[in-house]
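Single-structure report; data block below.
As written, the chain order gives the labels A, B and C, with residue 1 at the start of each chain.
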Amino acid sequence: MFEIFASLKLALALMAGGDAELAAIVALSIELSLAAAVLGSILGLPLGALVAIGRFPGRRAIIVCLNALLGLPSVVVGLVVYLMLSRAGPLGSWGLLFTPGAIVAAQTLLVVPIVAALSRQAVEDAWAEYEEQLRSLGVGTARAVRTLLWDTRFSLLTVALAGFGRAASEVGAVMIVGGNIDGVTRVMTTAIALETSKGDLPLALALGIVLILVVLAVNAAAYAIREWSAKRHG
Amino acid sequence: MELNLATNFRRLAVTWMAAAVAAATILAAKDATAQDTFITVASTTSTEQSGLFKQLLPEFKKATGIEARVVALGTGQALDMGRRGDADVVFVHDKVAEEKFVADGFGVKRLEVMYNDFIVVGPKADPAGAKGKDILAALKKIEASKAPFASRADKSGTHAAELRYWKAAGVEKPQGAWYRETGSGMGPTLNTASAMNAYALTDRGTWLSFKNRGDLVILVEGDKALFNQYGVMLVNPAKHPHVKKEAGQKFVDWVVSPAGQAAIAAYKIDGEQLFFPNAKP
Amino acid sequence: MAERPAPLLRARDLTVVLGGVTVLDRLSVEILPGLRTVVLGANGAGKSVMLRALHGLVAPASGRIEWQGGRPPRQAMVFQRPVMLRRSALANVEYGLAVNGIEGAERERRAREAIAKVGLEAIAHRSARVLSGGEQQRLALARAWALEPAILFLDEPTSSLDPGAAFEVERIVAAIAAEGTRIVMTTHNLGQARRLADEIVFIHQGRVAEQTPADRFFADPQSQDARVFLKGELPWN
């Protein structure tokens, strides 16, 4: 019990003190997770919407695969990305291994299935309401995808946030492809893992609290945006 | 209202390719602005967790302008990284494995850098009566009493050393419920030992910065057999042409140079020196 | 008998099966130009499905739909519950025009004109989904009107509205018809049918039981099914 209290105090001290190293790690974590969330959304949102609206052979198989990918073990993703980016692998000449770029790549691969599955659900629900009217107006599938993505934009913000949360909380894959290099690829989660394995539990817990607060702040902002939008747009 | 499957997936693919190009550009730009030269050094978790690199690397950068990026894994994994060409320099502590690395053509030359020592930690009550200066005698007693022992079992230099000690003590392969193989690094293994009140073999560096000791204390130290030799090797550019051989060689040269060796000796935790430089001049 | 004008739309032997149930059973109907048609029938008779089949939202299992001039003209449909996008009222009308290839200054002009014609200029910039039911339905009509459709289908457009709003809708439908758009509308409200219809198409069990000019239908329906229906709806007749 004392551990938690001591860690709380330490966490507040770290944050108040503006510890430069901590700030750098937090900034890097947010930057990379944000990049992965944005990239994952660019890839996953249209995919989810297309599967929701389109009718084509193999659609149900794709839905099953997308749902299965939700349970994709992240260490497997880390391993696969590592093998791809390793010098001995096909993309080795890109020199991305053990750089922030590799982390964004691995995180994006984890974010896309989540964003696709959740956006498919959101768009499907909206499509149930919109389909008849839009078809009546002569809207084709491509335009319908764009229109629905825009119309469900506030729900999709929540979806993108779920992607951000997933990216920000990843440890295993980030450790494997990033190497947890001090000052280069050390993010909050891998720093926590390092401090835990060093037995420095109060510091690890303090870092964990900071991470939770960061994710909370991002979610609170999104909630505020949704509330404002509901009032304005219904 | 038909769906033109080809058109829509083509549009999706175009979006994806645009996103990928944008991402690659941003990521490449980010890394380019980051720094001038850097090398990737594969080393071990115990070395990193001792905190040595935090002191050493800034001095290296000041001396040469090169940033050394350390990826810390187990010795086995670090050597694998070197074999795959994912590192420029390998800096580990397993003489036998290192010599094989060079013999197989993956490393250019093995140079001795420093040594630290192993110790055995265990519960203060010492149920097996292992306390003393003799590692082999201690291990024999632990095995005889079947007292719990936490092993890294992770292909690391520490693990390799541990197995050599067991063998020398007459235990071909430790087995039984008392011998817990954690398959993890030094820190997590010590966490497990602390939680289970078990004995463990650890390097002094990790122990000195380990904060979760519980009831564990140092029981066996000072045996000459417990010295743990570190070696550094440049990854062979003949096998992997992309290796940064000039910068990597500078690192190798620096750690064995008087400046590097002094920096190593200067690293202390609570006033205690962890690593003892012994590069051959 | 005066020569009949060529039909705008002719459906022959349309059969539509939904969920295993035959909703339209070899239904045939002709829509001549220049009239306001109201479709009546009991619940489940197939009125809504017929509209959707003619409009092209539901594919028939068999049968043909022939349009004057070979291909379907610009058409629009207004549903019982209006569906608006999450954007301003004006933007919703502009969306319909954009989908149909009308861009730029003309798009904005036609959209504003349509909004004015249904009396919504004051709230053109408000978000459409927070408007009242009546306002949204008028907006749906504006969206359809702006397209200048040759034919406008309406599926019980006032069932969800209060009488005041319903009346507004009727007025707008009459105005749209006056500008030359062919009206085909379903309703449960016989008073509304009397006010708006030039002719009645009466559907019974998936077929057209009767297609008669409105006055004659209410005074003296031709078919037995229609008679039973009217008696059920207006037991005092």
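Criterion: a residue touches a chain if its C-beta (ideal position, glycine included) is under 8 Å from a C-beta of that chain, and two chains touch if they have at least 3 such contacts.
In this text the structure is predicted, and so the values were computed from the model without any measurement.
> Comparing chain centres built from Cα atoms against the global Cα centre, which chain wins on proximity?
A
> For this structure, which two chains have more C-beta pairs in contact than any other pair?
Pair with the most C-beta pairs in contact: A-B.
> Using the average of all C-alpha atoms in each chain as its centre, how far is it in Å between chain A and chain C?
Chain centroid spacing, chain A to chain C, equals 47 Å.
> Mind checking the centre-to-centre distance between chain B and chain C? Centres are C-alpha means, answer in whole Å.
From the centre of chain B to the centre of chain C is 77 Å.
> Find the geometric centre of each of chain A and chain B from their Cα atoms only, then give the gap between the two centres in Å, rounded to an integer.
Computed from C-alpha means, the inter-chain centre distance equals 31 Å.
> Return the residues of chain C touching two or more other chains; collapse runs of consecutive numbers into ranges.
none
> Using the touch definition from the top, which residues of chain A touch two or more other chains?
135
> Quick check: in the complex, which residue numbers of chain A touch chain B?
35, 39, 42-43, 46-47, 50, 54-57, 86-88, 92-93, 95-101, 104, 108, 135, 140-142, 145, 179-182, 184, 194, 196-202
> State the interface residues of chain C toward chain A in the complex, per the touch definition above.
Against chain A, the touching part of chain C is residues 52, 55, 57, 76-77, 79, 82-83, 85-87, 95-96, 99-100, 127, 129-130, 143.
> For a test of understanding, state which residues of chain A touch chain C in their complex under the given definition.
Against chain C, chain A makes touches at 129-130, 132-139, 143, 147, 150-151, 153, 232-234.
> With touch defined as at the start, can you tell me which chain B residues reach chain A in the complex?
1, 3-5, 7-9, 11-12, 15-16, 19, 23-24, 26-28, 30-31, 34, 40, 45, 48-49, 53-54, 57, 69-72, 84-86, 184-188, 190-191, 194, 206, 209-213, 240, 242
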